[in-house]
Amino acid sequence: MKIARLEAFSDGVLAIAITLLVLDLHLTDGSDKSIGRQLADQWPSYLAYLVSFVVIGIMWVNHHALFQHVAHVDRALLFLNLGLLLVIAVLPFPTSVAAEGLRRGGNDARVALFTYSLAQVLIALAFSAIWVYIVRKPGIRQQPMSASDQRASIRRFSAGLVAYLLLCGLAFVSPIATLIGHGLVAVYYAFEQLPDAPLAGPERHQAS
Amino acid sequence: MKIARLEAFSDGVLAIAITLLVLDLHLTDGSDKSIGRQLADQWPSYLAYLVSFVVIGIMWVNHHALFQHVAHVDRALLFLNLGLLLVIAVLPFPTSVAAEGLRRGGNDARVALFTYSLAQVLIALAFSAIWVYIVRKPGIRQQPMSASDQRASIRRFSAGLVAYLLLCGLAFVSPIATLIGHGLVAVYYAFEQLPDAPLAGPERHQAS
Amino acid sequence: MKIARLEAFSDGVLAIAITLLVLDLHLTDGSDKSIGRQLADQWPSYLAYLVSFVVIGIMWVNHHALFQHVAHVDRALLFLNLGLLLVIAVLPFPTSVAAEGLRRGGNDARVALFTYSLAQVLIALAFSAIWVYIVRKPGIRQQPMSASDQRASIRRFSAGLVAYLLLCGLAFVSPIATLIGHGLVAVYYAFEQLPDAPLAGPERHQAS
Amino acid sequence: MKIARLEAFSDGVLAIAITLLVLDLHLTDGSDKSIGRQLADQWPSYLAYLVSFVVIGIMWVNHHALFQHVAHVDRALLFLNLGLLLVIAVLPFPTSVAAEGLRRGGNDARVALFTYSLAQVLIALAFSAIWVYIVRKPGIRQQPMSASDQRASIRRFSAGLVAYLLLCGLAFVSPIATLIGHGLVAVYYAFEQLPDAPLAGPERHQAS
């Protein structure tokens, strides 16, 4: 299995998941409310669309950054990646739940945003599992990684996991702040990058 | 991040968004109207499908024309592009709103077509932001651009923005003319092209 | 615009359209009929899925055969291809209409299958328009085509168009036979191929 | 038709089918149940999502393993592959049926899981048909296959087919065990691989 093929399939799944988010935006069939009112009532869906789009978009960037470190795909990595895709591809569902929760408010909002945060915890764990595998397994990665780079990357993944767990708790205090918080964590990940991958060797060039 | 990868992901999102448009075409479950009547009642959906398909299709062409000018993708460009995809991928929603508005008529139609036009304004702004960034940032673009080409491109983007703002206003006068107007602006963009990109250098060839 | 890019986008749209066909297969929410009964009642949807899947699949093969003849993509060809994608991507809708028509029977079935056949006529016209353009415009095609090959290809496209028009009429006699007929015409197109494309020149190899 | 093109189209269809699985996860519009209750009630949908995601993901891996043996694509192989895609792309439907069956329980659950198992039998047959064609037709495969490899591969496909037929029967005893069983068979296929493909020749490298 070439890296390019795994990346192309992953890109496809991410592109589809990010585009399917729009399907949660729709008018209610047969509603007698005016369109203007219906559009206004759906602000939670717009916010959820915005946050999840940014989240998946940045995951796409980070997925590539991760696989820049990979020189060889074995079966374990293939299935770790499949697990990651499974939890990312499901994201349109908690996104829709979060929007409906915010529309309803009260306890429904809290449960909905907790669900959304839990999905992000699972994604963070799936990303971490891949990273640990890449760092630990000698034949997989492009080049040995310096001890300081290893520490930096562990700090980065731990920070994300802690943030998502905190957001799980925040869901019970302020659901709307929780959703916005997920957007902010995504922006953090957009700037706090993985250590640079080594220059790609000849096999890498061939594969891409 | 290679240009080819950014383009492939963008192509994927655009291909999915353009194909999802068909999901707004459907018979009403459990309706006792004849199929012929239901098909006839849905003419606004056909018109909206046609216009949005052409709009996204031409955006796809122009997206490539834009990135022909790019020699190097940095993080800012990555996120500007993500913002553009966000507003294009949402288009099936205002398309569906526009069709429902035209079916209902009256104020609903005006609000619906204003919403559709607003979405196009956002897309035009996102395209302009990318263009300004490419033209201004020296390391990004393939080759320096002549002053006359710069003026031509600014004229082009400004014309589009003005047209979309006019269509926002027209929505309150004639919703149906507004929708047709969007189709015509798309056709304008099909013919009024960006200045030719310079011949691609060796890196470009390698990337594609 | 490289040929490879146009083909990749077209492949994407066709792959999505063919996969979206499954969305018309679903149980009725809240129905108190047994699942077995609901599954049995949906036989028209299975037949429509089967026929449209084969139809789009073979269109995908023929789309490639068509573009094997193309050495250079100009703007007219780009928009002719966009028109073709527009009518193919809409096919999940008449497929769903055909299935609902067969479930209802009577006049609804006749109108539904006429609609399905009309969509195929439009697709046939869009394919023919591209072919005529490729054959006529000297700079577009790979190599000059022999007079006998030109006649063979015109015969092939004409046969399809006549068949679809006949199926438009058959819809008013036997809707179910009409749907099966579309499957048979697709199989005809699977075997009655375009004349072989000339061996690809060096530019072609580079592009793919 | 290059192998790479057939694989890219197949990858696209599989990526879309695997991502569409999420559309069966949704809250019920207008339900007055709490979101927490609705989320809890949907456990069969989560299980069905998990199993079908793993099933399609591993089919994707095995599809590539299969085509590693192919040196040349002819028309028969093209249509055998189209048949395989047809039965895989339909999988979101029996997945949704299985989830609804488990929610209802009783006879509905049995019929639903029998349907799901039947879909898997069809997929197994489609895979076997391609494999038999590759092994038998001399010009198609990369290299002659040893008699022991042939026996191993026949054993592998037969084991799968027997397992799916057993699961068809198990559906009438324990629907939930049947669904889990499908996940286990997929994991079996993840580890029990096809014999290694021969090293790819120069044409293969060029194609990918």
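Some notes on this structure:
Note that the chains are named A, B, C and D in the order they appear, and that numbering of residues resets to 1 at the start of each chain.
As a convention for this text, a contact is a pair of C-beta atoms (placed from the backbone, for glycine too) under 8 Å apart; a residue touches a chain by one contact, two chains touch by 3 or more.
Since the structure is predicted, the reported quantities are computational estimates derived from the model, not experimental observations.
Taken over every residue number at the interface, the positions common to subunit B and subunit C amount to under half, indicating a different-residue contact. Bringing subunit A onto subunit D by least-squares fit of CA atoms involves turning it by 90°, to the nearest 5. Greatest centre-to-centre distance from subunit C is found for A, with centres as Cα means. Once the centre of each chain is set as its mean CA position, subunit C and subunit D turn out to be 26 Å apart.
Averaged Cα coordinates give subunit B a centre that lies 37 Å from the centre of subunit D. Each of residues 8, 12, 16, 20, 23 in subunit C touches at least two other chains. Contacts between chains close into a ring here, every chain touching precisely two others. Inter-chain contacts, as defined above, occur between A-B, A-D, B-C, C-D. Only residues 8, 11-12, 14-16, 18-23, 25-27, 29, 34-36, 39, 49-50, 53-54, 57-58, 60-61, 64, 190, 208 of subunit D touch subunit A when the two sit together in their complex. Put simply, subunit B touches subunit A in their complex at residues 1-2, 5, 8-9, 12-13, 16-17, 20, 23, 28, 75, 78-79, 82, 85-86, 89-93, 96-97, 100-101, 104, 107-108, 111-112, 115.
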